[in-house]
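Next, two complexes with subunit A in common: one pairs it with subunit B, the other with subunit C.
Up next, the complex of A and B:
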């Protein structure tokens, strides 16, 4: 089967690459081992929260910090993509989200601080509309509401720690906490995913409003764990606001993350509607190479294994979690094409002695070296396959964890890689 | 506060001395500067030695281990897995060692027996087929945490008292006779004074510091040993390399896990011994030789302990030559501090004997005649101290309707329920995350508490068991401790999981900025 562009990986970078390629008129195919890492993220698009090891307080604006980031990390994916194309990609993403009926507010020009389930804050720049009212610069009082038995969200712990920040003048609102008694989800386990599916039902929402209305004080905002529906969060949000006559917002939970899943599902559906084929769950992908470059992938090793060919390819397989990188006791390697990965020989140099060092862990920056066109290069800087582009976590020198830059880097590199791949004739 | 005897140190030795004193009806108090088992007693193989390991070169502790091995199997059987053990020689091991070992065991009366290699391989098919000779010995695995808790809890029932987080800062003597000590409560900073006639220094690696407080001297060599926990029980028997003691020569199965140890390195760092990548690599390369599957098995954690060894000599590089025997020092004779005793060295296996000898001397000084009963009296093990068996836990949780749909499994790796954790938390005045984990096994599985420790922190905070405003620093401290153990074994699937866990703490919680 022939395509113009094959994208490997169904995370945010891969899906954005497919979208960009499709938009250029390319016939695109996504091949992925799993469903990508979106379900492991907050669902927010982080821009640049900190310059690791330098900035102590969250950066006011990712945009204005780009030049400093470039100075300290000249090979950073943001430095490769460049300011104009980053802004272009994120703008495009926001338009796309509007079209997909999953609106994101915010801009790359300004960081927002959002509350976390531990009662800390997290700098990010594009947030789903369901989280917007959680922004910690909005004053007033907030009721954090938990669900007894939902183990990853303790409203009491979150409120205690957020109030500590409030008393230090670091966040505007003040908080109090309540927990709803155990809900019966019809015998299903009480977790974020099942609760979100319950919230998709109008009847469930009505019952919920009945239970909490007496608790909510007038003028208070309502903060909930991110469970406001898996399929129709916008509808749930609007309805709750109206029935409660209060602002409502969500706080993202540890994985599996409902807001991340919403984005994954919407992007996937959107691409499929546009004719992009997406195959998820492929455990064996064998590259077919020729002296000219990469030809395609076979989905197995036998003669009869299906083969997919394309003119150009985007590698968006992620780091270790995504499966783009893997390791042995003394070795780190790229899993699909055995592209060179730079790392220190001594394993102890892969890590920092302190776990929560704001400078980050060296291994989180490992990846594939690319040139200014996002093409993977060897140790001498030579392009390995002229028709291969890399995007997202697999690209070296970015550390989404210490920088808080996950979604932004994925969108910026994914969008660019998809465009460039579509340009290969 | 007033008592007869103060025991310093909440490891195996101190716990054993406290129980022995309590059983003989002597009023006693135990002080520990941290938590129980926070020192060497909680950082070892968990091996119930048969004595064979020391039979060739160190016959005294070998003889003691042998006797205690059989005593502990009688009095503490619920915390012992009677695995049996093998000494196995590989092609490059000293060819005469098996015969030396057999001879040495025979003269000690240690039931060692040569058995056909084929028989061993049938029993333990994961072992290397290159094994040349095999001897069987009565080694076993023992859980030091439950053993020590059982000793302490029985002593408490008999009226003894235990105070964790009390650091001894002064030992009070008058005219060469002990009359008390001063400690500080490390949690509150409060002063804590006890009047007593006798002090037992069972402080392990810190025994030298305690002795100096009394104006006495005690020379201890510190030997660091690093161990690795694999998340698969690749063998059901204790495996020893049949050669003189060296790196990575003992493998001990523990519940669902296998422990490989150890290294032996003279060290000055006793407060915070940390395993290093190089030590892990050494243990792996040795472990693979005898058990090839080690290479492909997930290591979930490494840890290091420090052995307090007695009788070092200047310039001894290889501290394996120092005897593993224990020393009971009556400072009344040695340093003219009457009523002050130090009990140091020895093995976990010989903790009871060390306690018996110590209390014998104290009783004699008291001019009384009460004999020791610890070798006969069975230790109490409540039902919830039973071995953590994942299979039966799963059956219980899956079988009971009340658990369906409640989402109340706080630790998914080890299947620990919220109610189990709440119950243990209620028992402790100031539970730490580590204590909760040791008691419930929450956080002891492959993710090492990566996913459940925020839940445990929230639970502790909700029931008011930690001071307000301290939850984040408690969680961070736990995570940094955890990192010391996980970092040296990060590669393959473990590195993958660790990256996800780090994403949780940094990308979601932003805890690197709090």
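Up next, the complex of A and C:
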């Protein structure tokens, strides 16, 4: 089959690239090995939380820190895309989310601090409306409510740690914790996902409100783990706010993350409605190359395997977690096209001995070098395939872990790569 | 390639998409049951046996896994290792459904009367644990193979058709449409000797029996393939078993040679179209149908060829249903303790159909068609049957 643009990877960067290409009128196809890493994220779109190795405090604004980032990392994906196109892409993302009925608030101009389930904070810039009231700069008192038996969230631990931060003046609100007695989910396991599906039902929400209304003091905000519905979080939020007469917010849990899954599902559904095909679970993607560029991919090794061809391609396969990069002892490589990856020869320099060192792990910056059009280039800076663009984690020099920049980089590069790919004739 | 459990990075994406975990608390999910438990099994430590029984083998976990850990294969491997109790008589019956179908086909119409007899269903339910609510598909006196034998010879490029038991005994109309669609494209269909592919035996824990059937099929199909004839199949589950499981699970020597010459029918026809050889004189069908992509078709990793193929029919609009498992999973949904789970698994699809007041659903897999048809009352067809309609007389 023939398409205009084939995107490899179904993470945020890949889906945004497909969306951008489709919007330009291109017939787009997404091929992916797995479902992408959105379910491993908080569902928030991080902009730029830190410039590792500089200050320990989170940055006040990703936007104003861009020039400093460029000085530290001249080839950072943000530096390549540039301020104007970053803002353009994020604005487009927010509009898209509005259309998909999954609104995101915030702006790239300002970082928000949101609570984590362990009772620390993380800086981010675009947040789902269900999390907005959790922003740690909003003063007042908060009731953190957990569910007994939900192993991913202890409200007591979270409240204790957050109160510690409160006493140091680092966060505005004060916290107290309660836990609901064990819920019956009709025989289903008690986990974030099943709870979220239970919250999609009106009756369950009514029961829930009945149970917690006596515990909630007036004027208190209610903080819950992120389980307010898998399909209709907006509806659940509005209803709880009204019935409890209080502000309600969610705290994202460890993977699989409900807010991440919501975004994935909505994006996927939106793309499918627009006619974009998405094939997930392809273990053997074999590139078909010619001297002129990339021609397509065969979905297997046999001569019977179906072949998908396109005019242009977007590589959005992520790094080590996504599967775009892999390593052997002494070698790091790009898994799909064996594009050159720059890394120190000495293995010792790949790692930082302290796992959670704020300066980050050097291997998290490895990836494919690209030019100003996001085209992968070789060591001499020559374009490898004129019809190939890279987006998201696979692009070198960004470190989403220590910078807290994953979502922003994925959207900015994905949106641009999709547009550029759609322009190839 | 053997599954390396160190590939699993414990991200839980498989759990997020496992339809059975969503439906019941009795199943701890693919991650725990697969790569996590494998560490214990490798050390010879037992894990609760009923866990594995609840996997419906839809392979969604493997599909969504960012690292392609073959979780279902881990489940099967630990069943082969004998760490689960012996299958029951009920499971024996369901595993050997090809024998029952043979018997039922021979005994029509009496077998169909008995099947519809409420007392008999009550007996099956209470006595054996085959749920009385599930609709038993009717048998046919004229099986597909019998119909085919009486047919006039057709001249054209030979092509071998692996029809599977369901087409032969339960849905001979599909077999007839397959033959006629292929003949419209200049092919002469031949039916190689064939047994049940063995998947029901695999999923009910009878691996030796499955291997025996597999060896027979391999022998016969090999002869065909070595004679330069390609093989097509209309059931993605049969096809997946022959193409993948004969080699990776049953370890039948020489099985890998088949996968080069075996094609799913829609993929085969689409390839013809790409080569400009497909007869596309389709009549207009001004209607909207819905399409459900079966899990085992997705496991074949061929994209969704039926959708591309059906888009060639003028006037026809085909809408893809939400991605997911219908729940029946062959014999899984027939079991009393799993009937409710199976219904819950497919609920998202059923709801979508009800909401849209769908009349017709197209799906490549017979089990999906059975489940969707009986749970929602819609008419179900194989994509090839729609093509047959579009060709007209």
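We adopt the following convention: the second predicted complex is superposed on the first by the 425 of 425 C-alpha atoms of A that agree within 3 Å, B and C clash if a C-alpha of one lies under 4 Å from a C-alpha of the other, contacts with A are read in each partner's own complex, and residues count from 1 in each chain.
Note that in this section a contact is a pair of C-beta atoms (placed from the backbone, for glycine too) under 8 Å apart; a residue touches a chain by one contact, two chains touch by 3 or more.
Fair warning: this is a prediction, and the values are worked out from it, not measured in the lab.
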item	value
Touching partner for A:255 - first (subunit B), second (subunit C), both, neither	both
Subunit B versus subunit C as contact partner of A:40, first or second or both or neither	both
Touched partner set for A:185, first subunit B, second subunit C, both or neither	both
Which of subunit B and subunit C A:347 touches, first, second, both or neither	first
Subunit C versus subunit B, contacts on subunit A by residue	B
First (subunit B), second (subunit C), both or neither touched by A:272	second
Touching partner for A:401 - first (subunit B), second (subunit C), both, neither	first
Partner chain in contact with A:300 - subunit B first, subunit C second, else both or neither	second
Partner chain(s) touched by A:193 [first = subunit B, second = subunit C, both, neither]	second
Touched partner set for A:280, first subunit B, second subunit C, both or neither	second
Overlap of the subunit B and subunit C footprints on subunit A, listed as residue numbers	40, 185, 187-189, 191, 255, 321, 323
Of all residues in subunit A, those that touch subunit C in their complex	1, 33-37, 39-40, 185, 187-189, 191, 193-194, 197, 255-256, 261, 272, 277, 279-284, 299-300, 302-306, 308, 318, 321-323
Subunit B-touching residues of subunit A, taken from the complex the two chains share	40-42, 46, 49-50, 56, 58, 116-123, 149-152, 154, 156-157, 160-161, 164, 182, 184-191, 252, 254-255, 319-321, 323, 326-330, 346-348, 350-351, 353-358, 360-361, 363-364, 400-402, 404, 406
Of all residues in subunit B, those that touch subunit A in their complex	276-278, 281, 284, 404-410, 418, 451, 454-455, 457-459, 461-462, 468-469, 471-472, 475-476, 479-480, 482-483, 487-488, 490-492, 495-496, 499-500, 502-514
Complex contact set, residues of subunit C against subunit A	9, 11-13, 15-17, 21-26, 28-29, 62-68, 259-263, 267, 270-271, 274, 298-299, 301-305, 307-308, 320
